[in-house]
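Two complexes are shown next, each including subunit A; its partner changes from subunit B in the first to subunit C in the second.
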Partner chain A sequence: MASRTVTKDIITLRGSAAIVSEFFGYAANSILYNRGLYPEESFVKVKKYGLPMLLTQDESVKSFITNVTAQLSEWLEAGKLQRIVLVIMSKATNEVLERWNFSIETDSEVVEKGVSREKSDKEIMREIQAIMRQIASSITYLPCLDEACVFDVLAYTDKDVAVPFTWIESDPKLIANPQMVKLHSFDTKIHKVDTLVSYKNDEWDEQ
Partner chain B sequence: MDAGSVNSSSSSSYLNAQSRWPLRDQFHQKKSSKENLDRFIPNRSAIDFDYAHYMLMEERKGKENPPASSPSREAYRKHLAETFNMNRTRILAFKNKPPAPVELFPPHFFSSQQQDKPTKPKRSIPQTSERTLDAPDLVDDYYLNLLDWGSCNVLAIALGNTVYLWDASNGSTSELVTVDEENGPITSVSWAPDGQHIAIGLNNSEVQLWDSTSNKQLRTLKGGHRLRVGSLAWNNHILTTGGMDSLIINNDVRVRSHIVETYRGHEQEVCGLKWSPSGQQLASGGNDNLLFIWDRSTASSNSPTQWAHRLEDHTSAVKALAWCPFQSNLLASGGGGGDRCIKFWNTHTGACLNSVDTGSQVCSLLWNKNERELLSSHGFTQNQLTLWKYPSMVKMAELTGHTSRVLFMAQSPDGCTVASAAADETLKFWNVFGAPQAAKPAPKANPEPFSHVNRIR
Partner chain C sequence: MIVRTPPPKRPRSETMPPESPSAAGSDRRMVIYEDSPLAAPLHESPQQQHSDHLLCTYQCRQMVKSEFLDALSSAEKQVCDYQSRFETMNENFSKVEAERKKFLDQFLYAEQELAAAKGREQALQEQLLKEVNDYQERFRKQIQSQSDLEVKLHNEMNLRMKAESSVASAEEKTSVLERKLNHISESIEREKKRLHNEIEQLKRESKLSVSRISADLERMECRAKNAEKESDLLKEQLDNLKKQLTECLHQKNEVEQKLSSFTFQEDSSTDSNILVKHLQEELRNYEAEVREARKLRSSHENIELLKEKLLEEKGRRERAEAELPKLQEFQMSMKKLEDELSSWKLMISEIPGVSCSEDIPVKFAALQKEVIDSTMKVGDASARLKQLEVALDAALSEKQNAETEAALVKEKAAVSKSEVKRIELMLSMVTEERDKLRNLLNEFKRMKNDEAGDEVVSGTLVQELESSLAKKEFCIKEMESSLHVQKEVNTRQYEEIKLLNEKLNNEARKIKSLEREGDRLRSEIALLESKLGHGDYSAANTKVLRMVNTLAVDNDAKQTIEALRTELQKTKEKLQAVEELKSQSGDAGTLVDSYISGKITQLKEQIATLEKREERYKTVFADRISVFRRACCELFGFKIVMDEHQRSNGIPVTRFTLQSIYAQSDDEKLEFEYESGNTTILANDYTSQPEISRQVEIFIRKMNSIPAFTANLTVESFNRRTLS
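Let's turn to the complex of A and B:
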């Protein structure tokens, strides 16, 4: 993100918003790759968070994620974003199969008074790295997506947020009887992000 | 699970729902609910929750079908969602939805077979050649390069002391030049990128430059090599020549003193020479079983070794070289009769990526420009052309027809047709690479494979 203002250990609201929205961009790419929503060939490897990360080269997916993260960044800076959810649905039936849930807690003091916080870049990176590793390894327990899937991104914002022209209100796209796995968290000392994946669990273990 | 008994199933699902739908503090809630002991359930730790849960869910599954569609449940969930989310939260989604995957590509991470399942219909590969031309007096010498197909759709072939041009757009043949007996035979031909100028290497160590449109010789490059020039490669205005004297020379054809660089590394005749599509790297193979990668940018530096990589994995002469058109830094090389291997290289690192024993001498290699495929031509015993899927290296087709080793191959400018010249003194044309992709409908619509290229002649 161009607007990153983090230098060494002091973290501003703006910098924190940039870290979180950038994190979401990479996480979304990683989920799309690892869950096989788009063909493997459409991704290229880059180095980020000390890991090889995959980024889509599909222009329309790329622009979707860019548009979304740009808006998220704005809401994060205003402290009005509560949660981001990446929803994976069946292309044929629109049934929700997976929800990747990123809950965000914002330090309201920072938003109101404009103070900054301190935390080392390295530590944040380490925390994000742990989440990214978990996302990549999630394919080992998540059910196989054996049909064509589409995805969508939901942003949970405060009620007083004006709906931007390019956004619409949506239903939460919940999964009935989901199975849930909580992943690691990261904290910029301004935004705390909790990651959780819930998925459709229709096959009970028949012993 | 919070279910204590069957009777409390409804309340348990409430509890469940409560701790599940809002999502945020699910785990803390669970913890605290455990601490807050219910006095009607005296000893929770004694209850087999897994069994209870299983019984509950199984029973419900049997009764309600589908399980989650009870209207009251649905209503409750809605209500819950509203109280927990809607009052405080707005759920927004970006209007322009992300595109659905273009290919319906189910993510089978575990079975490569299904992954290979093609979404487009299989291309049928004609097993016989489209056309066969006579090539009398073709010199049967593995170390020469006597066939090239230029960008103006004219095929050049050297037969003995004569270079013939065959215009693929109309099938007409003309003679470009016959060299004197004492200078010949011709040992290499190569079209310049413009498709008009052609370089001809001779047995007497000279290289001639000709203009094919006016049938005039432009200049002779001499003084560089001491022995025959068996390999040529163009990189814009640089003509690189490889000789039997083991030297590789970069000649700037525009200037009077044409020798720009000399690469020293080979110990015997240089028989394979190819510039990468970017023009940054040169691959050379020799009768010394060596494959060299030379960097254009470091060529003029005075370091003790000029090469970027010296690769000694082949156990026989390296003549067949082909740079991958869709992946930079990927080179395929083929070894001679004692080696029989096709090897793939990352020319950036010098790492050998794969090696496949083909069972016979590899005379030449060509990549398909439209698909991830590689074509190799072979000698004894089958004298065949083999089409390989890359990177799996599964054999897709074996094209037989030549009765002696297939020394040279050249690809038409549109990438669809391959010409092969063999020691049986025939030149065959194969429609092995199929039609260009649907993105280019114009040539596809035209059944004549060569006619869409305009030529000035």
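Let's turn to the complex of A and C:
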């Protein structure tokens, strides 16, 4: 929350972008932990959003997420980010198994006129907490990832965004005929984030 | 009841019994006072004694007596006559009186009934008035609802028009999309051709490069062998030269000794000078030889270096060979990718309006646009739907109201009809009654006319009655006319109700169609939402980015970096060795240096070309291997899937899964493990079937022939397939 103004209930564009990108960082960590992409021992517990959150200690993952969130924050401040997708793929076949969708709706008035909005920190934290809880509980219904998996982050941006040096254009890595579960959403009054997880249909279910 | 008694007809001066003849005679006749009292006691009853004071005192009594008697008898006769007549009259009168009373009673009864009928009529009129008011009110309401419904109808027609226009636009869109599709399919065809051509070219190139590489390899090997031979030769020469050198040195020492011994004799002997010259020449020769030997030695070192390099190259070659299985893996993955690609292509072909991958973004854009449009439309539609639903609810409730009203109206109509009938019945009854009364009255009148004129009162009464009857008739006529009007109104209302019912039905049908449309739109919304959730996006205003160094790539990069580091370490060590060598052998080192750098660039180039080739080989190999697999499948009747497995002790094993093309279920699979030249069959559900296990026992365990087993199995499966 880098540039939160003095009054607690006023929220600026930068502050909102920081909240959203930070949320994404924690959410990504939580997903990586809960979906077992990295070994349990490579995570440490920290307290965040009134919950014990797990953060990876793997340097490469850490730096990757840091870089991603930094870039996302930049785009969020410019109001150019439409969606963030955390894709979980099979390491062997590169088949996409899960897509964690974070759709972002930006209040264009705030971006254009630089006005601020009012929403209490507490309320936003409560909303984020609900999403985090849902992410943690998602393992109950998501199919088991019983092969080595890798993850990737896709950013759906506006067309006019200049592609940064470390980023390239990509295909959307869609899942054919996926199952979808909509999770809670949170709203900073500037950015509204809808969370949805879509995953590959388990063959066992179809039989 | 008014009982009228006739007034006394004649006032009598004396009270006289009606039957007394004198009294009767005194009525009309002149009385001779002197005679009668005398005559009476003689001839008549003792009652005549009462008229003593009327007795004639005159002497002429005897004279008149006969006359009088005659007259008296005649008068008595007349009296009797009159009496009888009077009695009959009296009788008649009493009869008439009784009749009159009866008529009066009847009249009064009729009056009462009339009054009752009036009351009833009034009540009926009131009721009718009320009903008419009700009907009017309802009619007004119906008209209002009709106008409402018309407005709604108008709205709905507008909506329909809009929907039709949207349908038309959608059709246009589809036509545009179809055109695009055609265009795209053409471009795909072209692309395919191009790719085919490229593949052909690549195949040719790969063949060429394979042959070239093999030739290069052979050449290199030849060169290496030559170099080895040369080095052996040179070694031998070097040994010889060393020997010569040592000899020469020895000789030189000897010569020097000799020289030192001969210096004293220098001046004296010219021979010795000559000898010295010879020796010097020889020395020079030896020195030249020594130089040559040195050169040889350096070349020998060079050869050593070359050998090392050769070894290195060999190592590299081995590594490359070791990489070959990886290449296979790559080819496998390539194949997989190709399959995927083909599936994608299939999918693309299945996607309407898309025929090559480049079209997908466009299509996505179009779809996204469509999605946005349709979401907008959906929003509109849902709003419309909501409106329609509200309208529908209102219409439904109205319909219900109207229906209940209609039912009510119908009931009322039935009731009023029955009432009308009742009234008509009553009317007919009343008219009948009236007619009867009239007849009675007429009769009465006739009777009265026969009677005396003292019946004026009753005449006036009758007139009154008649006038009231006329009024009644008038009333009845009025009622009839009003009834008629009411009937007309009723029929009109009935028709209106019918019309409204029809409209209601139409509305209901429309509502149903709208509901269907609503369902359709809802399903469309669901579809679009699912698409959106799926991750589709509009390429027109969105692009998807990802970070270049994803972790998977990172890991690979790490591994390659590690490998490169180790290689660097090795080369460093080599370089050190070379430098040492260089320092050991001065100018030869520089030679080697330049040679090495040249070689390195050459090798780098070679590596680059080899890498390129490797890429091509991969593609070619994938093609070839797929052909090979298909051919194997066709020729031997088994689909073969190869995959790597690790045993629990960590030893990697290759596993082959065979499935006959005549297999009747997916479970009919044979699994083999291949390890260092040995192939063993693995037990599974299929092989543990008694029939199959018997065959396994015979063919594999006893005869030790897997091909015989598979061939037998193929024949059996084929027979089962064809015979069954």
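Here, the second predicted complex is superposed on the first by the 195 of 207 C-alpha atoms of A that agree within 3 Å, B and C clash if a C-alpha of one lies under 4 Å from a C-alpha of the other, contacts with A are read in each partner's own complex, and residues count from 1 in each chain.
Rule of thumb we're sticking to: a residue touches a chain if its C-beta (ideal position, glycine included) is under 8 Å from a C-beta of that chain, and two chains touch if they have at least 3 such contacts.
Since this is a predicted model, take the numbers as computed values, not measurements.
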item	value
First (subunit B), second (subunit C), both or neither touched by A:Thr157	both
A:Gly36 touches, of subunit B and subunit C: first, second, both or neither?	first
Touched partner set for A:Ala148, first subunit B, second subunit C, both or neither	first
Which of subunit B and subunit C A:Ile139 touches, first, second, both or neither	first
Which of subunit B and subunit C A:Thr93 touches, first, second, both or neither	second
Partner chain in contact with A:Ile168 - subunit B first, subunit C second, else both or neither	both
Intersection of the subunit A residues that touch subunit B with those that touch subunit C	60-61, 64, 67-68, 71, 82-83, 91, 101, 150-159, 161, 163-164, 166-172, 174, 176, 178, 180, 182, 196, 198
Residues of subunit A defined as touching subunit C within the complex	60-61, 64, 67-68, 71, 82-83, 85, 91, 93, 99, 101, 150-159, 161, 163-164, 166-176, 178, 180, 182, 196, 198
Residues on subunit A engaged by subunit B in the complex (per definition of touch)	35-39, 58, 60-61, 64-65, 67-68, 71, 82-83, 91, 101, 103, 139, 144-159, 161, 163-164, 166-172, 174, 176-178, 180, 182, 194, 196, 198, 204
Touching residues (chain side subunit B, partner subunit A) in the complex	20-21, 23-24, 26-27, 54, 57-58, 61, 67-68, 77, 81, 85, 87-109
Contacting residues of subunit C [partner subunit A, same complex]	336, 347, 530, 533-537, 540-552, 554
